[in-house]
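Labels for the chains are A, B, C, D and E, by order of writing; each one numbers its residues from 1.
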Amino acid sequence: MLLGRVVGTLVASRKEERLEGLKLLVVRQMDVDASDTSSYVVAVDAVGAGVDEVVLYCTGSSARQTAQTHERPCDAVVMAIVDQWEIGGEEVWSKSARPAKPRPVAKAKNRLKA
Amino acid sequence: MLLGRVVGTLVASRKEERLEGLKLLVVRQMDVDASDTSSYVVAVDAVGAGVDEVVLYCTGSSARQTAQTHERPCDAVVMAIVDQWEIGGEEVWSKSARPAKPRPVAKAKNRLKA
Amino acid sequence: MLLGRVVGTLVASRKEERLEGLKLLVVRQMDVDASDTSSYVVAVDAVGAGVDEVVLYCTGSSARQTAQTHERPCDAVVMAIVDQWEIGGEEVWSKSARPAKPRPVAKAKNRLKA
Amino acid sequence: MLLGRVVGTLVASRKEERLEGLKLLVVRQMDVDASDTSSYVVAVDAVGAGVDEVVLYCTGSSARQTAQTHERPCDAVVMAIVDQWEIGGEEVWSKSARPAKPRPVAKAKNRLKA
Amino acid sequence: MLLGRVVGTLVASRKEERLEGLKLLVVRQMDVDASDTSSYVVAVDAVGAGVDEVVLYCTGSSARQTAQTHERPCDAVVMAIVDQWEIGGEEVWSKSARPAKPRPVAKAKNRLKA
């Protein structure tokens, strides 16, 4: 699994029928020092993650091993929201220490067609 | 899944029998800022995507989880046409804002042997 | 799937029994502009491709979805010979326009132990 | 499989139900000369590995072939603790020669919510 | 599949029970010109390959399609010993032309705990 930051959402109304009802998130891959990388993935949300949350995502056939993604054409899934991780006994990142930045309501357009 | 732009089509008349009847698209991988990358993939079309459309594609064994690609030697499938995505509450790309550029009819040779 | 050019053949007489009888091709990955890349793969031939032919190959578990490779330890298969592809309505490569270069018979040693 | 050094642990209390009870390790990929690389993976622990131990990890669908990870949304698993390896007859790394560095107890916070 | 040179062996006495009895090889990936690359993999040996032999290895779920690796947490397997390959009708590498270099007996410690 890899660490990621949910940076956005994606709408696709015309799609293969087995994708119906899935929420699609744009996820920026993170490094273990909590910095963003240049890689991204569009992943199905299996845990109700919101924009700015730090998550774990899973790729390949393992991405189909959730209740939402079983037998679906899905190769990436967000399946955990990260609370904290530490490297060598030192905390690197903690959800409580760095709460998700609230976005201005007026600009928040995170609606997603089902 | 990754974002891609359909840039072309491919014809292969001599092929493994389980590939018969599939439409093959040349897809340029896109970055989340809607720019093209240097990567590409040849993918089976599962949603009727046309040249210049922005799509989502899926790779690996998950590419076989559509009606068209089930149990076929296919490791990439276009399974959604993207309407819009946003990063941090800001719209990055929208199908309605950037319609697919029409190609001159005389040069359009997007026929594909079945 | 990716585009490739068959550049050679490989002989391996001592191998896992499920590999018996498969023809192994050395395939150079091609870019969409028909240039060679620095990547290669050794792939099982499922369509009778010859040296210098431009092909499509499939990797991962999908490489086992052909009659020849079913339940074999094979992670790459050539499963189509490319006739033509075009980008943005312009033909990039065509088999009829660029026939496979014939190799001198004296040097052609493309025999392969079964 | 790849060589890795367990560098930390990760806590995720909100997750897909099939991930419950799995211990998550942050693993730094190692090169064959026993140096660290810039790559990492978050992997499920299937052998009781501790921080600073050198391990083997497995990715993709093969990561689900352990008792702990069967049918779980897990694409990386630590499934062996390395004792020793050698290159060309020379020992490169040995567990007995380089014991895991003990971390100060006061800073060790390797607890993990189940 | 990719070309590799077996460069060493690895011992792991504490491991997931389904790995018991498998011989683990350290394999350096080779390029098609027979030079070594900077990539490596630790692979299960399915053909009795020795150090310095040039082999084919298979990764991903296909690595589990051998008698030794079926349903095991194994994502890489050596499943063929290469005799020869040629590019464009010219022999690039041949086992008979380049026999495996014998290692001094005193230093050869290629024993592996089962």
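By definition in this document, contacts are C-beta pairs under 8 Å (C-beta built on N, C-alpha and C of every residue); 3 or more make two chains touch, one makes a residue touch a chain.
This one's a predicted model, so the numbers in the text were calculated from it and none came from an experiment.
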Partner chains shared by subunit B and subunit C (touch criterion as defined above):
none
Per the centroid of Cα atoms for each chain, what is the distance between subunit A and subunit E, given in Å?
37
Subunit A: which residues touch two or more other chains?
60-61, 63
Let me make sure I follow the ring: beginning at subunit D and going to subunit E first, which chains come in turn?
D, E, C, B, A
Under the stated contact criterion, what part of subunit B meets subunit A in this complex?
1-3, 31-32, 46-48, 56, 58-63, 65-67, 77, 79-92
In the complex, subunit E residues that touch subunit D
7-19, 24, 26, 28, 40-43, 51-52, 60-61, 63-64, 71-76, 103-104, 107-110, 113
